Structure formats: C-alpha cells, structure tokens
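Questions regarding the structure given below will be posed in turn.
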Amino acid sequence: MTDCVDLTHGGGGRAMADLIRDLFHKHLGNPVLDRGDDAGLVTVAGQRLVMSTDGHVIAPLFFPGGDIGALSVHGTVNDLAMMGARPLYLTAGFILEEGFPLTDLERIVWSMASAAREADVQIIGGDTKVVERGNGDGVFITTTGLGVVADGVDLSARNVQAGQSVLVSGTMGDHGVAVLSKRENLTFETEILSDSAALHGLVAEMLAAVPTLTMLRDPTRGGLSATLNEIASTAGVGITLDEAHIPVAPDVAAACELLGLDPLNTANEGKLIAICPRRDAAALLEAMQTHPLGQQAAIIGETTTDPAHMVQMTTALGGTRIVDWLAGEQLPRIC
Amino acid sequence: MRYISEFRDRTLASNLARRIAQAVQPERSYHFMEFCGGHTHAIFRYGVQDLMPPNVHFVHGPGCPVCVLPVRRLDDAVELAEAQGVILCTYGDMMRVPGTQRRSLLRAKAEGADIRMVYSTLDTLNIARANPDRQVVFFAIGFETTTPPTAVAIKMARAEGLTNFTVFCNHVLTPAAIGHILDAPDGPARIDGFLGPSHVSAVIGSQPYEAAAQTYRKPVVIAGFEPLDVMQSVLMLITQVNAGRAQVENQYTRVVTRHGNRKAQAMVAGVFTLRDAFEWRGLGSVPRSALQIRDEFGGFDAEKRFSISQKQSREVKSCECPAVLRGVMKPTECKLFGTACTPDNPMGACMVSSEGACAAYYSYGRQRAPEGAI
Amino acid sequence: MCLAIPAKVLTIEADDMAVVTVENVRKRISTALLDDVAVGDFLLIHVGYALHKLSEDEAAQTLSLMAAAGILQEELDEISAEASCVI
C-alpha cells in the first residue's frame, strides 16, 4: 500500500479493494462484514435485516438525469435491494460547506424526498454538519438504510458456481458518461441521462419469477469490469462474456470513443448484474425485460471453472481478451 | 458510428483472417513491428492476435509518447508544479506515470501541487485566462499528431498577449525513432516489416517513411487504428514480404495522403525547431528526434522561463521497459511483470499507459501468457 | 498513440471553431489546422482539434477490398466444391 490516500483509492478499482481488505477488514473484520456483500445481513429478534451505508460525493452536484439527492437515496436502496431486501428506512447525514446556496440545498433535499417517496422508503433520522469554506465540495451526503429479507432468500457472490448465466439489466455506462459530460474541461453535449434509479421493484419481480436467483450486484464505480472481477474473485470462478451481447447505448459508446474511455469501466447507478442457474436464465431475462427498468436486459455470459478467476470476453471482432478491473480512476486519455 | 463501427465488423474480420491464413507461407515466420501504441492497443483490445495464423507475430514498438518520455522530464514537470508553484496542465495519460522513487503527477497532486488534467490545449489557454496572477505551464507530450495543437495554442497565446502561459515541450518525431531502432548496435529485434503510424501520418504524410523503407529494405504499411485496418495492413505486409518487396504502402487512404496536412506542418515549423538530440526512454539519445520552441516564441518556453534544477533521476532497477520499447523483449519476459509491476502498482510507464505493451499484455492479454509466467 | 475519432461537422463558428458530432454527442473543436471545412464533412478529431478530413470514397474503397477478401474466398470454395463433385 502507498503511504497516503490518493484518488485511485476511491475509483472502485483494485486499489480500493486493497485498501478495504488491508485496512478496514483487517481491523474491523467480523463474520458479517467478511462476507463482502453490498450490505450486512443479520438476524435480530427472529427478523432477517440488512443494513448498508453509502457516502455520496459527486461533481457536479446536478447532472443530466439526476442529482446528489436522488442518487443518495438510490445508492443505498440499491445496496439493500442487491441482498433481495425490501428497503424500509433510511437515515441521512449532510456535510455542508460554508457558503453553499440554500436554494441548491433545498433542490437537493426536495429531490431526496421525491426519490424516497417513489422508492417507498422513509427517511427517519439525520445529521447536519458544516465545514469551513474550502473543506468540502458543496455537499456530501451519507445515507444508511435498513431493509427486511424474506426467509429463503440468500443472494451472495459466495453462492455462485461455475456454469451459471450472467445477465445485466440494461445499457452500461450511462451514469458515468452523463456526469463526465458536465465536468470542467471535458464539456461535450449529449442527451445521455444518468440511469440513477431504485432497483428493488425490479428485484422483487426477478425473485418472484426465479427463486433460484443466485446473486445480484449493482455495477457502480468501476463499472461492469470491476464488479464482475469482484464477483469472480469472491465466488472463486471465472467469467466469460460475449461483447456483442453487452448493451451499450450508441451515444455512450460515442462519448467513450471521444474520451478514450471504456463503457465497461464506466459507472452505473440504476443497473444490476444477476447470476442464476443456466436453465433459469431465459425466465429471468423475460421477467427483467417485462419491468420498465430492465427492458434492455441481456444474457451477457457465463461463469466458468478458472483457478485464476479471470473475466474474459469474446470481442465483437471475434477475438478474445481479458476484462480487467481498472487501476484507479478512469482518466480521459489522448493516446 | 460512421467510419468506426464498419471497421470493426466481425464478418469482414473473418474474411481477412481467412485471406491472411491463405497468404502466409507455412515455412516462414513473419515478425511485424507495430510502431504505434495505438496499434498495440487495438490488437489487444479486439483480440486480433487470435485471428492470425501462428506464424504471424506482432513486435510492439516505441510509439507510445508516455512510455518513451524519460523519467528526468517527468521529474522536471513535478518540480515545476511543486517547487515553482505553477498550475501544471497535462493530458490524463501522464497523470499516473511513475517518476523517480515512483512519484507521479497524481501523487504530487495528492500532496497539494496544482496539477490539472486537460483534454485540449484550448482548455489550458482557458485556465491561463482565468488565472492571470498564476503561471500556467502546459506539459506537452506526443508525436507529430499532438504537436500541431500545441503550436496553435502558442500562436493564440502570443496573438492575445497571454503572458502567464508557457509550454514544457516534449514533442518527439517518429521517423527518427524508426531509423534508430533499425540501427540499434545490439542487433535490432527481428522485424520483417512495419505497421506504420496512422494519425502521425495524417499530419506528416506517408512520404517521410520512404527513405527508411529503402535504406533498410523493410516494407512499411501505413495502417489505420481500427482492428480491420490492422488486419488488412498485415495482409499487405505479408504480400510484400512474400514478393521480396520493401515499399511504403498506404492502407489508411481515407485519412492519409503522401504529403499529409501541409497547413499543420507549416504551423509546427513556424513555432518549433529541431533539437540536436533528445533522450528517449528505451532508445537512449536519438539525434534530431524532438522539437523545441523557436527563439522567437521563447517567451512561451517553460524551459526558458523557469530554472529547472539538475537532478539525479532514476528508474526502478530491473524494470525492462527500455528493452520492451525496442521490441527486443516481450513484457512477460520481464521479472517484474505481473508480480512487482501491475497497472495498480506500475514500476515503469509501459505498465501505465493504455498504449503501453506491458499494460496491454496485463490488462487484455495475460490469459495467453505461458503457464507460470505470471 | 494518438487517439483520434472521426466526427461530422454540424455547424461552423467564428475563430476557426466548429461543432462536430459523433452519434448525438456534440463537441466544440478547433479547425485551425484545416482549410475549407464545410458542414457535413467528416473530420478526424484529436485533443480538440481537427487534423484531417476523411475521404468517403477512399473509406468505401477500403471496405470493398475487405469484403472482396471474403467474396473471393467463397468463390474459391465453390470452385473447389464443384471440382470435388466432378471427381
């Protein structure tokens, strides 16, 4: 590990995974945390509960298709949903920078309220802190969520085996590109919107249609590549993908070409990866495509036996390559 | 996407693959150097190697501007940002490259230096306009493709009297490097032909390679960066080798002409002049292989405005980037590859740049590495 | 080296600037390195500058050569299939 935190530690790549393992797990480890799921599953007084927390820092705070307020609700709701939970309650912590306009803050809070209403969760607690000008980037929001999981539902990468099907719920990279389009010095114009959305409704349909569903994960920071590599390494399997089957919106592909980015490394905030037994894949796909948030769902590959736990892909050209996770943050490039 | 997706078509790829398989003579092996990192990236990103017969080999060349920049120049840039307190602007590609003691620009930024990633020299001019009380230095890297935009920025800065903008110039030249590789005293890598630069050639044209093709008796095919361009160019090279020809041919005719973009050439010639020699990582000092800012634009030369200290720059010992850049060693033959040196923890630039051969092998191609190589 | 992308000119602006599109993604770029840029031209864009125009005829020619690589092969296959039928 390096001796000071740099931006790669937050990029969703291997540097972040190493930091979590070598520092957080080392000191804070316990059987629930060590499962490495998106949320912690515990049984309290006979009730299966999941809890998760998610800090939101994003620039710009308002982006096409969303803002930090809605994102802070969706992010935590989705962490709960990936456990197969019904999200119930959230709490929210605000770190505000001195000088931040109250009208912007109200827009953000209004957006949180509307996202919470749509997701049918209540925000039942909160905290507000103000830091001096220059010590924060406008607003940071941390949300913590609580949900309940039905008996018999056990979604975890640890349950994944070789020979299962891998699906995604829609196009990859929309959120990352929508946010980048408004970054200073990169400005380009597009109609691409962030896919920021709460996924628990989709998940409920999927679980109802295919109770054998093995695992769910939302490919946020680091995109599809990072999340699939995490899954492969947790589950101890390999994964093979077919590039031609991975949905990417044409405008997202175009923006990525311009900036030298890979849509598979680009963040999503309203998409999920699902793994299920191969014989149930068609039924799962149908259930997903019937839901508004899964219309462009696709079967993109399968899990394999691979002692090296690699994610490999047949390219659209017909060759093969590895799909590696990103080293640190994805930076636009010129070469 | 017009002019892009057509050149990634799977059916055409299998056409070309079959044609290449027919064209190769089985008793022969073919070693083609793709000079450009852009080709290296395309070959790995699309898995082009899988569509080649086993006796066609790609030798990866030094055409990655990030990879060939000597550590000393990077250390100088870090010094400009830290000690001189300037706003240092550069392309995203440079941010993670390790300098001496593996200090990168990203690290210097984490420790407080004002380093900004830009997409274009135009953004740098905007930063200079917005910060009239600060010195803004553009850390310029790149081959002939990337040089004209730097020249335009310098001319614009002069036209509007922007006095807080300078360029730390590291622009280098392609034909000089190709000649140098073929002249290597330790015996050049085995090279039967070159996939010639595509976007460099858009600017300089195909003509500048004619001397090298003739002198060294090596065929050169100017090749586009899309995977089908690479495959068709390989077919053209095989045809030349089989026929014993060594000519400059142009596959990338939709962009490249014999004489290139004369307006861009004139712009560059007006602002820059040849350096007597320039240090390339991997190739050593190469005569007449780089540009410096002309005296009449001296006010925009960061090397003239700031005094940059002499320093002992050092690369990581046993990093084999130099041999990899000359094409005499495969990334997997380096002791550090995949163990001490990975994209997360790079020891040399070739593991950082997405065009670097080491990064391409590691991130896209290590499933092909021989057993035990990793 | 040198990531550069073909993009179509949408509008031409003052001071050697133009707006180009790839799909529906629009970007303002400099055309200072080219003469006679017209709306509808395809330009090769690198670091925010147009480096060269693309030739539609040449692109079509290249693609047809690639397609021909396959047609010839199929014809050869046919010929050899016919030959084996005769035998």
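A, B and C are the chain letters, set down in written order, and residue numbers restart from 1 in every chain.
Here, a residue touches a chain if its C-beta (ideal position, glycine included) is under 8 Å from a C-beta of that chain, and two chains touch if they have at least 3 such contacts.
All values reported here derive from a predicted model rather than from experimental measurement.
Trainee: State the pair with the higher C-beta contact count; candidates are A-C and A-B.
Mentor: Per the contact counts, A-B leads.
Trainee: With centres defined by CA atoms only, which chain is the most remote from subunit B?
Mentor: A
Trainee: Can you give the whole-Å distance between the Cα centres of subunit B and subunit C?
Mentor: Each chain's C-alpha centroid was found; their separation is 22 Å.
Trainee: What's the distance between the Cα centroids of subunit A and subunit B, rounded to whole Å?
Mentor: So the centroids are 35 Å from each other.
Trainee: Would you mind listing the residues of subunit B that make contact with two or more other chains?
Mentor: In subunit B, 1, 4, 14, 37-38, 64-65, 91, 119, 123, 142, 146, 228, 355 touch at least two other chains.
Trainee: At which residue positions does subunit A touch at least two other chains?
Mentor: Correct list: 250, 253-254, 257, 260, 333-335.
Trainee: Could you check subunit C for residues that touch two or more other chains and list them?
Mentor: 1-3, 5, 22-23, 46-47 - these are the residues of subunit C that touch more than one other chain.
Trainee: Which residues, counting only subunit B, touch subunit A once they are in their complex?
Mentor: Residues of subunit B touching subunit A: 1, 4, 8, 10, 13-14, 17, 37-38, 44-51, 64-66, 91-93, 95-96, 106-107, 109-111, 116-119, 123, 126, 142, 146, 227-228, 342-344, 346, 353-355, 362-367.
Trainee: Where on subunit C does subunit A make contact in their complex?
Mentor: Going by the criterion above, the answer is residues 1-3, 5, 7, 22-28, 45-47.
Trainee: Would you tell me which residues of subunit A are touching subunit C in their complex?
Mentor: Result: residues 187-192, 250-251, 253-255, 257-258, 260, 333-335 of subunit A touch subunit C.
Trainee: Along subunit C, where are the residues that touch subunit B in the complex?
Mentor: Subunit C residues touching subunit B: 1-6, 8, 22-23, 30, 32-35, 42, 44, 46-49, 51-52, 54-56, 58-59, 61-63, 65-67, 69-70, 72-73.
Trainee: Name, in rising order, each residue of subunit B that touches subunit C in their complex.
Mentor: 1-4, 6-7, 11-12, 14-16, 18-19, 22, 36-38, 63-65, 91, 119-123, 142-143, 145-146, 148-149, 152, 197-200, 202-203, 225, 228-229, 232, 235, 251, 253-256, 261, 263-264, 267, 355
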